[in-house]
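What follows is a set of structures for review.
After this come two complexes, each holding subunit A, first together with subunit B and then together with subunit C.
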Partner chain A sequence: MTALVTLERASFSYPGAARPALAEVSLELAPGEVVVVTGPAGAGTSTLLLVASGFAPRVVGGTLTGTRRIAARRCGLVFARPWTQLTGLCSTVRDEVAFGPASLGLPREAVLAAAARALDLLHVGQLADREPTELSGGELQRVVVAAALALAPEVLALDDPAAELDPEAADALYAALPPLAASGTAVLLATPDLQRAARVATRAVEMADGRVVASGAPAEVLSGTEVARLARAAGCPPPYPIDAAALVRRVAP
Partner chain B sequence: MDVRLAGVRYSYGSAEAVRGVDLVLEAGEQVALLGPNGAGKTTLTRLLVALRRPSAGRVTVGDWEVARRRPDEMARRVGYVFQHADQQLFARSIEEDVAFGPRCLGRRKPPVGEVLEELGLAPLAGLHPYDVPAPTRKLVALAGVLAMEPRVLVLDEPTAGLDHVQRDAAIAALRRRGGDGVTILAVSHDLGFVADAADRTVVMRDGRIVEDRPARELLYDREALRRLGLRPPATVEVGEALGLPGRPVRSVEVVEAMRGIRWRQAPV
Partner chain C sequence: MIGFVLGRSPLHRAHPYTTLATAAALLLGAFALTRPLEVWLLVAAAVAYAAVGGVLRASARTALLLSLPIWVLLFVLHGLLGAEPRVVLGPVALSAPGLARALVLGGRVTAIVLGFLTALAATSPHRLVEAMTADGAPFGRAFLLASTLTVLPRMRERAAQILEAQQCRGLRLGGSPFARLRALGPLALPLVLGALAEVDEQVLALDARGAGGAARRTALDPPRDSAAQRAWRWALLLLVAAAYAWKFWRLGA
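What follows is the complex of A and B.
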């Protein structure tokens, strides 16, 4: 299948930075994939999302070298800090979510339908008449994801989208990703929540110091789940089981 | 230092966010405040530091009635880390930022270097706070608050987005403060953090407290967790799956309880 985004030995430096935030990263994103990107703070996961979705250097400045091809017609990006993403122009959540499709010049009915669909998918339809700046952190995070979805992007990059969600809302958000991918969207997800990520990922990428250090099946790459860390600390030999069911299978009778 | 709320209410216009909360945190207790988005958790924490005034009821921290104090006075007793910690960083370097709070309080020898070391921030001390990733800035905000050596810590989602090394450092730092008798109230959705850092869990829903139990009890109560829309933390999932004795909830307890296990190699 044709890749929606291709990076070949792509390196990126922020303006004025002494060293690159991304160093020679190669990555392909195809329709239907949910690719989880993980790594310690400063590993470059957020930067990878910015570069892969076309927002860096176009919006944030900086220098990109190597090859980047973006075949997707539209890329959506949700920042780790949702309040930085509000338009500041809309007095209701409905208008906020409709802002993207409206700016594409779609007819009014299509704009409103796209907004309603996106709000429903994130279970925040009941917030439609609220003032965006008065939402709780978790409510705002879901509204911002809905605003990105309303644009029907072919690539959706999500930077720790459940950081402020309660567990039920986080589960609901993660559960929405496989169907979205099945409809042809490629999802690129950066998160330290490996336990949830392991449930939805089709592929996982681990980064460190701006480089991709591992890439492959989630069960192999996501060795940093809580369960895996407990198993490792208790002396279980590698590869470490990523969830409790896998752990039980590793206990000798 | 103890924290007491009696009949506390708070409204944003016509929307009542806190609807009659009675809660006592004894000195040195480590308490997690849980609940769905919009339950009133953040609003409640703001009432503890005079950033909001209750529309009814009374909040006291030690012998201070919070409604009669200004936020800067409250900072002498209560350290507060915002949900969006970027709001509380402004200096040109991480070290300056961490030193700012204790300087304002007139502290002679604040433990700035020690706290930076403790949270793994020492190598970043000279950087601008905005040149480190957003989750790391949350850790910087926590460092700033710890350097003020408050007797009460109120933390809104202190571990959101942290990697596991940072998270472990934050947990260890909070446990150390708890051991020194600091009262801690932490709003969190991260039940792994709750399992490791809290002994008591208070759950809010629709502006009210609906559960108040030892963490060990709530985290092993599948039915209560389901009702609250929560999933047990990995430590409890492992404890249950392996039938570990004594209901271990903290990572160290679970690892200790797994010590005797004989492992088999992974199937090829």
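What follows is the complex of A and C.
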């Protein structure tokens, strides 16, 4: 399958930074994948998302070396804080979600249809006529993801999208990712929430100091989940089960 | 009250260009008129403008709060230190031409502030962007103008949150003027730094949603304009031009 994004020994430095935020990273992203990127603060996970989705250095400035090929026609980007991603110019959720397609200059009907589809995908269609500023953080973040999806991106980069959400809203957001990937979108998800990430990841990448230190199947890379730690402590041989479902399968196959 | 207020007044329903053109005419007229009576007729027009917008009470209160220190300064400066002849008002003898000058300058400030606050309260940023989009204006220009209308309420909201947070951490706001001045640091710094960080994210979010693209945006719900409103805007332009012509003719004479 043709990769939507390819990075080969890519390094990136922010303007004025003494050391690179990303150092010789190689990564391929194919349609239908949910790649979870994890690592401690300052590991470069957010920067990897910006570089892989084409926003760095184009928007944020800085220097990129190595090879980057982006075959995706369009990339979406979502951050942790939903309120900074609102346009601040739309009086309804529908308008907010329709903002992207409207920016492409699509006909009005196509714009509204794209917005309605994206709202339905995230199960927030009932919020369409509400004011964005009246929504809870969880509702708003799903609206923001819907706004990104309204542009039908082939790559969706999510930077800790559930950081500000309560557990239920976070579950709902993560639950929307596998169907999205099944429709052909490649999802690149940076998160410290390994429990939820383990449920949706098809591949995992661990980073430290701007470098990829491990990459492969989630069961091999995401060994820091509570379940994996418990399994390790209980003397379970590797690869450790990373979530409750995997543990149950291991214990009672 | 500073910022857009939802409403159904004629000013809210008017085309945003009409609302803004009226405020602009008040601003330009204030500098064209030079006699106390003329300026105070302009203040009356600003009051009528706020009343039509249904925001008279709130706008007038804020306008008075903002212009009161300027009034005091003007009366001290021109009334006490102005030229002869003097009029006796109670225990003090004030300069008659100085008083007239203070009335003109104070009236100008009041009319401008009241007009500006009313325009802010009655112009929906969303409708303004839609109107400009329908006219084919580049998104950057529309965003810049609409952001100007939303920046004050957003900063005020953020300042209130920071104030609360800092008070929880022991910041005291009362005391001597020096102590109050010292308390500004913990408020201003996070306000400015937070705003800058948010701007970074918002630029990325807008770019990700196609705001910087070359395509002409689709206006989803452009506000309706009418012949009467266009005529009103032309009439305002002619009135302002006439006021300046009269001012320069009098200066020449």
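For the reader, a short list of remarks on this structure follows.
Note that the second predicted complex is superposed on the first by the 230 of 253 C-alpha atoms of A that agree within 3 Å, B and C clash if a C-alpha of one lies under 4 Å from a C-alpha of the other, contacts with A are read in each partner's own complex, and residues count from 1 in each chain.
What we mean here is this: a residue touches a chain if its C-beta (ideal position, glycine included) is under 8 Å from a C-beta of that chain, and two chains touch if they have at least 3 such contacts.
Only a predicted model underlies this, so the values are computations on that prediction, with no experimental measurement involved.
Applying the stated contact rule after C-alpha superposition, one finds that A:M207 touches neither subunit B nor subunit C. Once the two complexes are overlaid on the shared chain, A:P237 sits against subunit B while remaining clear of subunit C. In the superposed model, A:F99 lies in contact with subunit C only, and not with subunit B. Once the two complexes are laid over each other on the shared chain, residue contacts for A:L89 go to subunit C alone; subunit B is not touched.
In the superposed pair of complexes, A:R81 makes contact with subunit B and with subunit C alike.
When both complexes are overlaid on chain A, the residue A:R108 reaches subunit C alone and has no touch with subunit B.
If you count the residues of subunit A touched by subunit B and by subunit C, you find the higher number for B.
Once the two complexes are overlaid on the shared chain, A:A163 sits against subunit B while remaining clear of subunit C. Of the two partner chains, neither subunit B nor subunit C is touched by A:A146. In the superposition on chain A, subunit A positions 81 are in contact with subunit B in one complex as well as with subunit C in the other.
Within the complex, the subunit B residues that touch subunit A are 12, 35-38, 42, 83-84, 86, 132-136, 157, 160-166, 189, 191-192, 229-231, 233-235, 237-238, 240-242, 251, 254-255, 258-259, 261-266. Of all residues in subunit C, only 124-126, 129, 133, 139, 143, 146-147, 150, 154, 198, 200-211, 213, 215-221 touch subunit A in the complex they form. Of all residues in subunit A, only 50, 53, 55, 59-60, 75-77, 79, 81, 84-91, 95, 98-108, 111-112, 144, 147-148, 151 touch subunit C in the complex they form. Those residues of subunit A that touch subunit B in the shared complex are 39-42, 46, 80-81, 83, 134-139, 160, 163-171, 192, 195, 224-227, 229-231, 233-239, 241, 243-245, 247-248, 250-252.
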